[in-house]
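One chain, chain A, links the two complexes that follow: it is found with chain B in the first and with chain C in the second.
Moving on, here comes the complex of A and B:
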């Protein structure tokens, strides 16, 4: 029982980072980024690449994967999303869906991932099958560290949004883009920064997930569905909602797979059912404000 | 109105006469795929284009249609026409309760809701072994007959798909001229205004969803029969929903010709890129080009290729006037 709970919490922490990026982008830009899962995949790939070529630890390569994802996200926004936003909300949805096809298949090229399922493994990998034991409870070490990274990132994001001028500009463009323009904020750059920041969060989660999940070009689809569930659950655009939604999804999956007979095949269905239920009963989510 | 009907029929007859003159087996299969996607594009377009409800879950209806017809043909050896209709009908019936739930959501939330339902359907299809045979998939083990005519070779499927694609195009064309059709457009333009005029938005949207799901199931059934094999990964995944959307958006969302042009262009582009030798060393490269093209069209031609033609025409027209 306690073991199931701990398992759920530790994977939930990583889900929360993915959702954090998605919710940030939605909260500020009102854009649902269908390519978000693919940034997780890019993070996983960078981790894999740096480990195999330089022997870099997955947690150290965060300092590379996050800026790379940030840049890709920023460029994607400035070159494409910005123009599609001017037409309609649905258009950005279609555009990012196209971007998802593009990114996933660029990564499926042989110079990157190819069509294979890769695993982060090697003798000098400190985290390989690393399990900590506390009493009768066993903890998946990289995911536990990931959990604390999530907490740290939420704290830093909060500080960034509240204390810095750029953070203030982001909040201002979220509330009143027109008024923000009038007081001299370069809304386009700020929006690009936000999109990049969201992508960077996805990249970080990719680093953590690379230690436990297989790495392949289309894995993004799996994470984007989970991130949608969490974001809708917590309330679109709500940062605490993303964190708590992530934990709830992790726990729900973990309990569903353990206690419901035949649950492993249907593991992903529990989250989707919660998702539908919340969408229908409380579309603004647990922490979202109504329109 | 007569003019358009005649041109649709003329194109159909022209294709039926011309294609057998030059087509080899590969050509037949490309054109048949185009025609099947025309039907699927029309299906999505009724809901997403004309009624303005962007669904990311139409792969589910495609899958329901495909599995229904596959089971019906294999187990009961019913006529193909009936099995296609049954596939569509079941997809339509499933859509009714879903519509009642999901139409409480609007815009992007609606898209996410449909995506979630389709993902649930995918998981069910993978695990409900007695009906779908799970991940192993199902083979067509019986040569079906369409209104008594046996259909098995590629040219036969070509003529069948051509007939059905023409039928569906005509149906969509005439349907959008009815009062219900105009109701769909009114809801897309402004749901509040349409309700103020006394249209029940739930009723109209549910009708649009039913028809859309019916056609998607119908097209999906044909898709399954034509491939002679189906499994969850080739019917129910998000990619199939996205393909229906891309075809419609590329051609021109909310137009009758849109899915036709989009499908012809996108599928032939896919086949063309697949055929280039140096691209074959990189199997995913054609999808890269495909993804980039979609993004460019959405950004620079939000109305699709059809809209691009119109812009070009008016541009040339103006130039002609000024000179």
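Moving on, here comes the complex of A and C:
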């Protein structure tokens, strides 16, 4: 029982960080980023590439994949999403969906990931199959580290949004874009920053996941659905909501898969059932502001 | 209109055009000679090459398999063509990509069938695609030699144009079940993949044994192919405390996720036994490293290792492609030799004659003796051999049946 809980929390932490990026983008910009899962994949690719060429530890290469994903996200926003936003919110959905297909197919080119499944493996990979044992409980070491990284990032994000000028500007642009412009905030740059930040979070989760999961160009689709469920569950735009939602999804999947016969085959259903339940009972999500 | 807008318009126009073009020509392997120069009405007899079609996963998660078949085919083709070819003509294999998806495999097969120069088909690889390829081949009276696809249904449906040289998924565990007759297990947990392949492994193979031996505890746990988090299922398995854990995986990615999850859950049976597929290819050892040591696999045999021709093939392949050939490469190589023999014996170079010659096949290959028979509900099925092999240090060694064994079975020592 405890083992199942720990397993759920371990993966829940990673889900949370993916959802965090998405909720930031949606909460502040009202943009539905269908390409979010692909940023996870890009993070995984960067981890793979840096490890194989430089022997860089996946957790160290966070310092590279985060900025890279940030820049790709920022550019994607400023060049394309910004223009689609001006017309309508639905357009951003279509645009990012198209971007998702484009990114996944570019990454499937032999120059990047190629058509095969790749795996982070090698003599000097400290985290390969690393299991820590506490009593009778086994912990997936890299995922546990990821859990703490998530906690740290949430804390830093909170500080950033509350205490810094840029954070204040982001919150202001989210609340009242017109008023923010009047007081001199460059709303376009701020919006790009937010999108980039969300993408960076997704990239970081890629680093963590690359230690345990195979890496392939289409893996993004697996995460985008889960991220959306968490964002709705936790409340769109709510940082604590994304965090708690991620953990809840992770735990639900873990328990469902372990205790219900044949559960592993239907794992995705547990998340979706929770999703339906929350929408029926509390549509704004756990921490969302009711309209 | 501003320059920027014009520029964006041109770029998006070009992008759209190239995407449309890519979609139209998509699915073609660079090596496939689409007969754009020859008119589709030219019968194969008037051409100086004889063409055989193959549907293989050249992209996607199973592309490693497609490449194995392509490599092995090419080795056999080179040898045959250097020795004069078939009826003085060059033998060629036209490959279409299935992406390992049955619906795409169907289109790929139809494309090959519609090419009148192609006299027969081979390939298929996965159970799902093979079944579809067989159906399309039968409907279009196109002879089809299955060289690896294992779903038993393909040779249990009374097809007249479909033949199989390899053992079926049900037959994969023949050698294992023979071994169990002498050394019965006490309790077995089977982590099975939830698709046509997994179903066939159980329904046509293992089921017989466990129904005949109800005292042996047997529990099956299903997982979806491609599932990444398999730890919960291993926890369920651990709760049953089985003596033997059987795992079924269609590709090496699933096989790797399974053994990693077993380690994470600290599942320690006496033996781990895979049932061919992902557990019997080098990709498994490459991805899971030392976790594969002592893992057994029960599947098609890897060819007659006592045959000097087998050793010749083994050495030649290893030298040319930089890795040792496994069961898939041996099957592919043998399939091409069977095809060459069939085409040589065919009265005319048309599909009906080829089918008749295929039916009458009776020859030796490095995969064993090939003869298509009707037995136990199968038709046009070769009695393919199976064996049990064990992984150690990235190499697979046969451990049963004893007359082909290279070493003894080493028990699983536990996770360190």
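Everything below uses one rule, namely that the second predicted complex is superposed on the first by the 289 of 291 C-alpha atoms of A that agree within 3 Å, B and C clash if a C-alpha of one lies under 4 Å from a C-alpha of the other, contacts with A are read in each partner's own complex, and residues count from 1 in each chain.
The working rule: contacts are C-beta pairs under 8 Å (C-beta built on N, C-alpha and C of every residue); 3 or more make two chains touch, one makes a residue touch a chain.
Bear in mind the structure is a predicted one, so any value in this text is a computation, not a measurement.
Undergrad: Check whether A:95 is in contact with chain B, with chain C, with both or with neither, and answer first, second, both or neither.
TA: A:95 contacts chain B only, not chain C.
Undergrad: Just to be sure I read the superposition right, which of the two partners does A:67 touch: chain B = first, chain C = second, or both, or neither?
TA: A:67 sits against neither chain B nor chain C.
Undergrad: See if chain A has more residues touched by chain B or by chain C, and give me that chain.
TA: B
Undergrad: Using the touch definition from the top, say if A:115 reaches chain B (first), chain C (second), both or neither.
TA: It touches chain B and chain C both.
Undergrad: Look at A:7 in the shared chain and tell me whether it touches chain B only, chain C only, both, or neither; answer first, second, both or neither.
TA: Touch partner of A:7: chain C, not chain B.
Undergrad: Which holds for A:221: it touches chain B only (first), chain C only (second), both, or neither?
TA: In the superposition, A:221 touches chain B alone.
Undergrad: Where does A:257 make contact in the superposed view: on chain B (first), on chain C (second), on both, or on neither?
TA: Only chain C is touched by A:257; chain B is not.
Undergrad: On the A-aligned overlay, A:232 touches which partner chain: chain B = first, chain C = second, or both, or neither?
TA: Only chain B is touched by A:232; chain C is not.
Undergrad: Both chain B and chain C contact which residues of chain A?
TA: On chain A, the residues that contact chain B in one structure and chain C in the other are 108, 115, 265.
Undergrad: Which residues of chain C touch chain A once you look at their complex with the stated criterion?
TA: Residues in contact with chain A: 58-61, 63-64, 194, 221-224, 227-233, 235-236, 253, 256-257, 260, 263-266, 286-287, 289, 291.
Undergrad: Using the touch definition up top, name the residues of chain A that touch chain B in the complex.
TA: 32, 80, 83-84, 87-91, 93-95, 97-106, 108-110, 115, 217, 221, 225, 228-229, 232, 265-266, 268-269, 272-273, 275-276, 279-280, 283
Undergrad: Which residues, counting only chain A, touch chain C once they are in their complex?
TA: Within the complex, chain A contacts chain C at residues 3-4, 7, 11, 108, 115-117, 119, 121, 128-129, 131, 133, 138, 140, 212-214, 216, 222, 253-254, 257-258, 261-265, 267.
Undergrad: Please give the residue numbers of chain B that touch chain A in the complex, ascending.
TA: 54, 56, 101-102, 104-105, 107-109, 111-113, 115-117, 119-120, 123-124, 126-127, 238, 242, 245-246, 249, 281-285, 287-288, 290-292, 294-295, 298-300, 302
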